[in-house]
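Paired with chain B in one complex and with chain C in the other, chain A is shared by the two complexes that follow.
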Partner chain A sequence: MKNVGVILCTCGGTLGGVIKFDEVKKFAEEQNGVVSVVLVDKLCNEDAKKAAEELKGKVDALVVLACSPQIYGDVIREKLGSAGLSVPIEFVNIREHCAWPHKSDGDGATRKAKVLLAAALARISETKGPETRVITPKNAALVIGGGVAGIRAAVDLSNAGVEVFLVEKSPTLGGIVSNHVDLFPSFKPPQDLLKQLYQELKETTVHVITCAEVEKIEGQPGDFKVTIKVRPRGVDPEKCTLCGECAKVCPVEVPDDLNLGLSKRKAIYLPSKVPYPEGYAIDFSACTKCGKCVEACKQNAISLDGEEKEITVNVGAILIATGMREADPSKYAGYNYGKIKSMVTQFQLERMLDPEGPTGGKVIRPDTGEEVKRVLMALCTGSRTVEDNPYCSRICCTYALKHAIKLRERGIDVIISYMDIRSPFFAENLYQKAREMGVIFIRGDLATVDLDPETKKPVAYLENTITGQIMAIETDLVVLTPTLKPNAAGFLKGLKMPRKLNEFLQSLYAKVRPTDTRERGIFLCGTAYTPMFVSDAIVHASAAAERALKFLRNGIPKETYTPAVREELCSQCGACEEVCPFGAPKLVNGKPVIDVTKCNGCGICAALCPTGALQLRDYERGLLFKQIEAVLRTAKSLDNESPKVIAFCCEECAYATLDLLGITGKEYPSYVYPIMLPCAGRVSLLDILKALAEGADAVLVIACGEKSCHYLDGSVRARRMVAFAKEVLKELGYDPDKLGYVDVVSVETDKLLNSIRAIVDAVKKG
Partner chain B sequence: MSKPLTKRVLLLNLLRELAIKEPEGPIEVPEGLEGFGEVHYNPAACIACGKCINVCEDDALSLENVLDLSIFLDPHLNIDEIRSENRRILVELIRKLAKRMPERAIIVPDGIPGFGTIRYKRVFCTACKKCVEACTEGAIRILPIFNLKAIFEEMRSESR
Partner chain C sequence: MLGRRLPKTEFDLEFRKKLEEHFHEARTINYCFQCGTCTGCCPSTKITGRYNPRLLIESALLGLTEDLLSSPDIWLCVACHTCIERCPQGVKVSEVLSIIRNFATRKNNVPEGVKAIASQFVETGFTIPAAAAILKRRQEMKLPELPKPNTEEIMKIFEATGFLKLVRG
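Up next is the complex of A and B:
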């Protein structure tokens, strides 16, 4: 018998309004096997130490009643562990599953907390915990994207002794920063920052691979195999002296895409003011291979017959530093961007303001070439929209203010139409300065831009959202401030890399793991994660490098819940071999043998084993039955009146969606009791019948979205199992509507709520 | 019947020609006589693995994806004769839950191993006992009877 400690966390006292903690504490103290009960306010924080001190040495297992283990489970485990309390933990989610979704039913929420506590106690008395194997990752990392964030992370990792490959799509490092005249809000030239980063990079052993794109990522965390496509550069940067003779003789001119097409460049060109590696590059999509550059180059640095090649690198960790870009404003109807040529984006304006840029630093109308006297800047182009992008891109207000100041310095009139000015911290100074310099601010919503038929100047129509007045403002140039979007990262296809609504990549948990992803060993770095200022991107990159380093150093404690085979029961039927999505069980001489490196612990084989010979570790049929009994018997003893619904739910999306119901405050009856399984595919006919035989009024199986099941076909298996069980129940005289199945991806709260309601309706029908 | 005429079928055809009255019941097969007997199938213990079908050289056995739940409610069913632990629990649960006698067999959907019903053709069976050896669940036995009445009925229904 285990000595069990129970920790109750009030979540900073916030749950006390719903859950009666004194009652739950008393209930816990009365349970068999419970030796100590501790009530704390912030287990995710300083109270972990307090709880650990109190329970250390007294208990060999813990039941923690707190928030969702999907969100804070690891943090709580770590905090208790570092305070000296490392014992198996069973979590009961009294926040997202009790207090929040049943806030108008305090008695119900309190009962549910007790019921789930009883089930957790039944469970922890028998669980063995996972089998742990440690995989040592390869001491190498791949950084994808050579902007400031990518370089920072690569340097940090290399300095810590990791072999680093830094892959950059273009012929030079530097990313979006390298084409700016000055950083904001500091007004410092980014070239200084880049030179400093390049210097640090030169002192490392980082393998810099430019003109290269990642094709695909295969393998496992700690042992990724990455295929990279490398285009020929045409110029050997080792030999190139940047003399520029090649570009002088090159007969091919193409519009310089970075410079609005206002200037042209040759097919052989210098890809940045401060290129790294230091050398020219050939744009082979334009080059005619005439050979003049080869003749002109005294260093023998040029070769026209390089071919695209594929290389493979084997790394333990991957950092995604693919950066961001301005959205294409032509997709926002009404502005007529692209049709009216006197309209540019902030980034295009940046290029015009560059003394070494296409216009020599003059601000001109792109269509007529006339110097501009008056500019209208519209903020939030495509940001903070109701429909597809209700977010602020964070940095663009400051970016626009920087440009407004520079335009005023040139004597150009500036009108800014804004929703709110969001210039954080010291960027506030820019706003004050812009006001002092006479920039006119109109709180307005730009509706459309047209050309005046006579003056041929753009006219911006906007609503002054303070006065309600519709304004038509004639100007020389309209500057749009497009919302920021992440650069494409096609190589992520097939990986579990969800994106936020604004298309940027999601981290594992925004607050506590802002650089980790769902894919172990893959980290986010800089603006691939979210728009940020350069200084923040560098901090984020260093943080990502640190996390990657920790991962590479500590190895992967792979915790596995593998099924055990009871040979005396096995009928050698081969069903396990047939149903496993990963090919883990194999019949060897008629006996099933589980390959632990392939097994993912879903339990589909155990659910479908006809005899019971296969039992998933810690999710054995007998243990699950005990949990079912504990839930239903406790619920009955506490409240014989209310119905009882068992919700078998997978611990992936199903659990997360149940969490979201709580987070979004969508209420459902407190008599729906979740029982967590690794995958809905683990639910067998027996488990469903057991719940009903123990007095459940209904059973709901909640699975991951069928296309996004973490175990490939677990959800589909669960759906079929439920269909079969419904047929069985119908023949035994039951209403099949009292058994439900729903598959949800973790945002589909309404779909889940509807299926809970359908089950509840069936229960009420009697 | 599309099968070639085996020695067994020739014998049965001959017996039918010779018969001057309808056989009344099964005849006991004397000890030591090989080749005659009847499969006794316990559907409650069967896990539909199909191993008996794979070993049957006479093609006397087949698997149908149906399950008659009333077998589990049969008061004569001896749970101790069921080897599969899961099946024993299923029988207990069904007995506890059943509000009525099932009226029809249910269809077992694809992808649910472990459930189904073995169909048996006496006409082809030569009682070789290979199925008995193959069955890990003890769901098949051979009874020492020669059921000519049932065999004739089977032949008649086949030829119809």
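Up next is the complex of A and C:
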């Protein structure tokens, strides 16, 4: 039995007009386990010292009846602590949850304060507080993907003193921008940017591993073991002088993937205009190992008998910067891409516009080689479709506008078929400029393309939705703008790494954690997350590096509320593994093991564990039942007339919205008693049934906004749990309207108020 | 394909340039992104219920000159210039339309009503001559007589500029 002290704060005397403090004080003194009750005026200020001195040494737990712990909890804890009173504290919010929202019901507010006090006493007698542990992550990071985002993140982390491994699939860094002629909307050459990044990279100790792919990721956050497959490069970049003699003698020609198949290259080739590391590479899938290049190389840089090898690195954090690509337009109906040869994608057009590219900067029809006079560009190829790609790729309008301007500069007529032009912020300038230069914009999506039987030129069919005219436009070249897709990343298999909008990787919380993922210690940067402009990708990469650094420095939270496992109860169903948003529980030899480095303490697993084998620390089923009993029994003993409503609310947005109801003075009945949980996902069927069985007239589950749940899936889980419980109630002959669910972001006071009113109406109806 | 092909759409891409040659600021139509502000604020649209300057600009941009120059709608603009005031892209809508009317007139695509006003002008020197009732009231109010325009002189101008030929065919 703990010796509990109770502190009552009148908030500078202001709450006394509603709450009868003498009554509450008397009530507190009568409770079992309470050894001392102190009434103060300003606990957040000078009175903390007074209260601490009075209770010091006498108590080993505290219940504080004051304002919202979300607002002043830390201040009060710190003031009491510095005055020498460091004991576990349970807060009862008598200001935002009692006095303020029940201003015109002083008796009710006083009763509610007593009821919540009783529940807090029931709770504090059993809480254990968080487990503390210190896990120091390994001071090393792996960056997967060597495009601009990957390089930026690697450099930032290395400069901060982290050992960094930068893994790149191709033989050179640079990624998608390296074979572009100019960036957009800036029209600057990306080679300048790359050279600057390479210079920064050279000044660090980053281990650059090219021709390498991540095979699998094992281990825990802070201590990942990553297997990397490294292909032989064939050319030692240290010795290579880029003289090119090897490529001259190489007899093998293959389509040049850099030029997207528009030209050919040798099996030994320069992988980029600005390669890093600076050297040729051999494409061993094409090489016949004839040995001519070895003879031609005066530097002895070439070796044909390298073998694939596997290396393992041990890192604390992983950054995914695997980038994006154009989708293959041949699978989108109507365009006849592949059949009609006078049709290219924007990336291919970019290569044609390169003076050093496959066509020497001329825009030609790939089938006849003729220079083109008219180009029809179609935007949104495959984008914005409900089923396949339900998103806008964001940057392609600007990309197309850049090309339209460059084509107009060459005197080529340009017709752009579009649904909407989305050129964000100052990319609008490109739109203006393209219009000024006489680009013809036709609002209407390109529907089909065929070849004119006489002229053998492509004819594009579309409706001009502005004039209503059906158009058949003959053109020399059709340029498609395929939707953008993330690059494949096989290593993600087995990780809790949901992809959003079909394929791009989802961040933990788009607004405040745009680079974190569900997997603690694994971060996203650049276009693996979403299509973005180069400048944005660099900012995103720096942000990801900063988050990774914070993780490596501060590590895994030192205080955790991890569920305990009672193995003898476990039925090995694996539900915990399936429902955890973070991949913390794993069945090992049939028994769940919680990875403390991944657990966030939401309690979703505990709510859905069918046997009760998992119990969330300090939110165990038994403890929650005791709180429910304390609330309902105390409420009944104080006032047998009024109804009783239990409101399970998460301690994030739900609690904050309840606070806001008080702050904005929106009144609701005082017989709505909140019980706080880490996440609404912790509410189980049994908790709801227990409340009703103990005499609650209704139960309301209040969750965070479903898209902004702090534990990702908690609100959705809670909604489903409530829907399921309603079915059960119907079976049992209860009125399912007496169970409610509402999700609110912390400003939606009216939405919450309406839900409370609905549940109260259901109670009144009887 | 059933062997029948849709006729190919022809664009007169030179039309914007022709407009610009006649009126330098006609180049502003390039910036039109079809928001419809001009149509929304047009008093003529409110009365006719069909006049749509946005569509006329789109036709001009696409060089769909055949339809544009024979359209009776280009004559519905009252040149109040509200569209110019309101256009977010700075397009000189009503001024461009006056150039387009000039082009249409050269092709003799002039509605009869407009022609009648023109011949009135040629004959009297007024587009809207004063009615008998107005003249009577002027007398009652002891206002001076209206000046008589020198129709002979005006006629010389009409002949020299070719206006007479346009009006009388």
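Here is the rule we go by: the second predicted complex is superposed on the first by the 434 of 766 C-alpha atoms of A that agree within 3 Å, B and C clash if a C-alpha of one lies under 4 Å from a C-alpha of the other, contacts with A are read in each partner's own complex, and residues count from 1 in each chain.
Note that a residue touches a chain if its C-beta (ideal position, glycine included) is under 8 Å from a C-beta of that chain, and two chains touch if they have at least 3 such contacts.
Worth saying up front: this structure is predicted, and the values here are computed from it rather than measured.
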Next item on the list: Specify the partner with more touching residues on chain A, choosing between chain B and chain C.
Entry: B
Margin query: Contacts for A:L624 in the overlay, against chain B (first) and chain C (second): which applies, first, second, both or neither?
Written below: neither
Margin query: Applying the document's definition of touch, where does A:Q572 land relative to chain B and chain C: first, second, both, or neither?
Written below: first
Next item on the list: Could you tell me if A:R717 is touching chain B, chain C, both of them or neither one (first, second, both, neither)?
Entry: first
Next item on the list: Look at A:C609 in the shared chain and tell me whether it touches chain B only, chain C only, both, or neither; answer first, second, both or neither.
Entry: first
Next item on the list: Report for A:L685: first if it touches chain B alone, second if chain C alone, otherwise both or neither.
Entry: first
Margin query: Considering only the defined contacts, which chain A positions touch chain B in the complex?
Written below: 569-575, 578-579, 608-612, 621, 684-686, 689-690, 692-693, 716-717, 720-721, 723-724, 727-734
Note to self: Show me the residue ranges of chain C that touch chain A in the complex, using the header's touch definition.
What the structure shows: 1, 5-9, 11, 13, 16, 27, 30-34, 54-55, 58-59, 61-62, 64
Note to self: So in the complex, the part of chain A that touches chain C is made up of which residues?
What the structure shows: 413, 415, 421, 431-432, 435-436, 438, 440-443, 450, 452, 459, 461, 464, 466-467, 469-474
Next item on the list: Within their complex, state which residues of chain B touch chain A.
Entry: 47-51, 69, 83-87, 89-90, 93-94, 96-100, 102-104, 106-115, 136-137
